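In what comes next, chain A is part of two complexes: it sits with chain B in the first one and with chain C in the second one.
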Partner chain A sequence: MELIPQLLVNGVLYGSLLALPAIGFTMIFAVLRFPNFAVASIATLGAFAGWVANVPMGLPILLAVVAAFVIAGIVGVLTDDLVLRPMRPHGALTTAIASIALTVVLENIIRFGFGNDLRGYDLPIVRDWRFLDIRVGPQQFENLVLACLIMVILFVFLRYGRFGKAMRAVADNPQLAALKGIPSGTVTRLAMFIAMGLVGVGGILQGLGTAIDPLTGFRFILSIFAAAVVGGLGSIPGAVLGAFVVGIGQELSLVVLDPTYKSAVGFLAILVVLIFRPEGLLGEKRQ
Partner chain B sequence: MISYLASIGVTIGIYALLALGINVAWGLTGMINLGMAGFFALGAYASAIATTTGDMPIVIGVVLGCIFAGAAGLLLAAITLRLRGDYLAIITLGCSESIRLFMTNEIWLTRGPDGISNIPGPLRGEITPQDFNLLFLGIMIIVLIVVVILLRNLANGPYGRALRAIRDDDVVAAVAGKPVGRLRLEAFALGAGLLGLAGALFGHYQSYIAPDMFLPLITIYIFLALTAGGPGNMLGAVLGAALVVFVLEGTRFVHDLIPGLSIVQVAAVREISVGVLLILALRFRPKGLVPERTLRSAEVGLPHGGERTR
Partner chain C sequence: MNKELIMRRRQLLATGAIGAGALTMPRMAWAQSDGPIMLGTLTPLTGVGGTYGPSMRDAVAGVVDSVNAAGGVLGRQIELVSEDTQTNPEAAVRAARKLVDVDEVSAIIGTWASSVTTAVAPVAWEGGTMVFTVSGSDTITELPHDGYIIRTQPNSRLQIDVAGDFMIAQGGGKLAWIGPQTPFAQSSIDILGDIAGENGASMDSLIYEADRTSYRSEVDQIMTGDPDFLMLGGYAADSTVLLRDLYQAGYEGKIIGPAYAINASVLDALPAEVLEGLFTWEGTPDVGSGAYARVQEILGVDVVDPYSAQTYDHANLAILAIAAAGSAAGSDMRMSVRSISQGDGEAVDNAVDGLAILAGGGSVNYNGASGPCDFTDIGDITGTQFLFKQITNGEAVDFETV
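What follows is the complex of A and B.
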């Protein structure tokens, strides 16, 4: 069967798309300890910001990706300051509910402006590459390279930069971090900017393969949660691993399941992991 | 006009039942259920399939819908019992999406995206549509009164106090000898059963259901109803449901106020206003318009005086 290798390759390609928004979702969880469902509309926003840069403004895709990062990051920080930050004293679950309301508002602002029509990016039409019966689209391959590059930069930045250390300190113990003179407000905002920026890039990369509409981010969100939970909520390497596990799992499921069930596989993965290893593959046990 | 008002009344009743279902899990016990749309759909589909394909009477269908959704809630709660609330939020949301995928794909059972039509309603076809709306409104009001009375008794009795204790601090509740795990399972399943009841009635009223009617969007409608009415308060949930339906119906007139908007834009304005209202309600009135009354020890008959403060 040539089918299985092809599905594996597809799974790796899809996993790389999932990894960036999953990192964003898990980063917000690590620092602020609540599941931020606004990632759905922020991913859509990134896709649309990139579309505006690419189609009406005629910029190349790479600049469109930058636009997606910046716009999604800025809107993520502003809406968090305005809507979610004042909600946090009411508890993580109330904040999570508010983040669903926020995602509905943002999604419908996009719908108000752009309507429900499908929109495609301005991409050159190219033939798929073939290696021994395995087909790969050059655009998919570019996405993979881009996603990996962004992950490497992020890893170096968080692992060796001062910000990474400060973010881990705030995530670990906000009071202690504040005592040590780490400006937790600034660190939180910067973490939110990077996280939502990554979610926005995830949105545009996902859109490049197909077309976008106001529900682009929402369709994608179950797989993002699955990646973050499977890897262990709050763990960035976990989110990357979880993204590839879920991506490959969803593609391999095509052997036995109808393609429309793909995103349900993510849900199944969440259940299996939570039953057998509730802290996720790379998560820490917490009380 | 009477028919329109009656149909608004029925919609309020459905939303009120949904809000009550969420109230048992979230308002009383503090368990989040973002998969509301899924249980709503399960109840609607179970009852619709039983009464169309299965040819059973409507009452049996409604009971089946209720039991089916409740059992699904019990199963989900049992799987996730050991997990923290934030995981429950993600899982319940994922569950409702998976249920919708199932409804869309298992065409042999659910007729897929086409949905199920010709679901029987009480005396539908034998009386005028206006009388049917009024009859259904009457049934709805009776069901609501029964459910509200039962839940109020439950909430104000020892059982409800135990649930509230779990919501406020599950460790303290466990130390006080409450079977926290079992109570959580029961509360979540009871809530899911009420969501199923709402779904079953919805199907019999509409006579047509399809997977697209059970989008997660309805979850924020209901959380708005619940937050506006006051979590933990049963009558408040009904009032909140009325408020949400008035907002939804009211924003229909946006089209007349601002000419030149497309239908999609009007719908977007409606969802934006519901979302903004929910955010404002959570921010400024988290205890609702009708805050939960803190029971004093004299009222619950505890031996020693000692006021519970929050």
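What follows is the complex of A and C.
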């Protein structure tokens, strides 16, 4: 029981790492109406792009995060254009299955280029800060601040910028948006770039606290998916809320469950939400 | 009328089945008695074991090349087929089915993770194929394999026994085991618990979920027992995360982990201060032996990892077993393998020399790169050395051999 405050803090820190890729996942769903499981490998790609910038090129971590965003975004758009776009006329399920195939191919390309070895960033590992009996890692705290900052910028950009309005219009009704002169192709590509960029940043932030290998993204795809579904697929604030619900839920579960069943909490959350509120916590009911 | 129809249908089915069998059997007999002898490697080329799999495969290929260059075995060349387990039981079973059913290999060599070997072994023995493995879980050789499994890795009981005694000897009074769910997790906890009990030490344990990106809460939980000596039970990827989390949490006690988990990639990925003082242990290859030198040459390395040394031995043992049995069938190899691995025969450390002695009517006792290669009735290795190392300034330094 004395562990609960610490587990809550751990959950918040983990949730903040889940939030960015969950936003990316849900943004893609909002605009294109299919779950893009390629986010797993795009997260890995972001982590490796950041590693290349940070270790071989010697750039500071902030620039490595930018590199992760840009490379993940570009590859996300290119793979969508080349692989997933031709699948879309065949339906969401076909496209989702193609995205699983795509993520396996990307993972193996990364494996081919970098091998299986673990790689760490050029960062000192320091002991955690302690406040009373609660510990917080400086790196985890920096990740939390960075994730929150990115979320605020994204919110302002989407809420008040022209692109945000255009994206919402395309998401609501692509035909009507086209009639109003909104270039849906450009909006879709830009949304994909931002979404996959966020996924890439999620990948590098995850890697900063641990080490990376070709399975880095695969390890947290289930939690990302759970966060997006719990929050309401297509809802960006929902993805953030879902990420914290899943993150805190998984950590708090240790009070009553064996750690072996941690991932089950994500699925349990999906199950509960789908039974009692199928549209997700902040999702909109569909006609 | 209906009865008659059913009878006819049954006769037809029976005739069809016999016909199909007759068509298949000569082909199988032909495949096993003519053409090249097939051997398969099934190593982890990708996944968490991917660090070891490629060199494990290359060590086998080196043996096959040398035997083929010397004229092969039973007058036939050997053809090697290599598949990837992906360090994943499902993928490994698919690959094993291909090796057994399509390639019709005599032996599958080099399964690494215990979960993989546990899944693959029934596919192999049902297909009459030998399995040579480097997996450590006790449960593997306890399977009803009827002689089809040979293991060169010390089993987990022996490994934990040796490491547990080491922890006590180094002053451990509050032992703890932390690792992912694997076939050897619970048995490791039980064995370490027994050692702790016998020596008046306390014992705590935690089994976590593999493939997590953070173990902060698990670390918090295990640290509530205030352990002074922790044993890690995972693989490289999760151990990296765990060691980092332990350091950040301010853990000051001792840590020991298997060398396959605290491997070179972990030393590269983590700063020296996180690893300082950490112990590793492993069954050590026979470093001064001629076989070890040959593996060094095949792989072009100075230090041979224990698994590549073992798969080198697997290939030699399989080829000598085929020669001793006069047959490449797994069912015959399982009967002959101990006749060439132990006993009073002439000591040899490679298949080419052994084949020459067997051809001259002699008998051989193979001693390899991993050690003497003598096996119990259930296929476990007997007699092996363990090397303990300690990480100092980011380098693994020899500590003691037992």
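Following the convention adopted for this analysis, the second predicted complex is superposed on the first by the 284 of 287 C-alpha atoms of A that agree within 3 Å, B and C clash if a C-alpha of one lies under 4 Å from a C-alpha of the other, contacts with A are read in each partner's own complex, and residues count from 1 in each chain.
Convention: a contact is a pair of C-beta atoms (placed from the backbone, for glycine too) under 8 Å apart; a residue touches a chain by one contact, two chains touch by 3 or more.
Worth saying up front: this structure is predicted, and the values here are computed from it rather than measured.
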Fit-or-clash call for chain B and chain C when the two complexes are aligned on chain A:
clash
Going by the contact rule set out at the top, does A:Lys165 touch chain B (first), chain C (second), both, or neither?
neither
Which partner does A:Ala96 contact after superposing on A: first (chain B), second (chain C), both, neither?
first
Touching partner for A:Ser263 - first (chain B), second (chain C), both, neither
both
Mind working out whether A:Arg111 is in touch with chain B, chain C, both or neither, as first, second, both or neither?
both
On the A-aligned overlay, A:Asn10 touches which partner chain: chain B = first, chain C = second, or both, or neither?
second
When the two structures are overlaid on chain A, which partner does A:Arg85 contact: first (chain B), second (chain C), both, or neither?
neither
Chain B versus chain C as contact partner of A:Pro124, first or second or both or neither
second
Is A:Gln206 touching anything from chain B or chain C once the two structures are fitted on A? First, second, both or neither.
second
Chain B region in steric overlap with chain C, selected from 205-213, 223-231 or 295-303:
205-213
Chain A positions within both the chain B interface and the chain C interface are 108, 111, 115-116, 258, 260-261, 263
Considering the complex alone, what residue numbers of chain A touch chain B?
29, 33-35, 37, 83, 86-87, 90, 92-94, 96-98, 100-102, 104-105, 107-109, 111-112, 115-116, 222, 225-226, 229, 233, 258, 260-261, 263-264, 266-268, 270-271, 274-275, 278
So in the complex, the part of chain B that touches chain A is made up of which residues?
30, 32, 34, 79-80, 82-83, 85-87, 89-91, 93-95, 97-98, 101-102, 104-105, 216-217, 219-220, 223-224, 262, 264-265, 267-269, 271-272, 274-276, 278-279, 282-283, 286
Could you please specify the touching residues of chain A with respect to chain C in the complex?
2-3, 6-7, 10, 13-14, 17, 108, 111, 115-120, 124-128, 130, 135, 137, 140, 206, 209-211, 213-216, 218-220, 251, 254, 258-263
Complex contacts: residues of chain C adjacent to chain A:
46-48, 50-51, 181, 206-209, 211-214, 216-218, 220-221, 224, 236-237, 240-241, 244, 247-250, 265-266, 268-271, 273-274
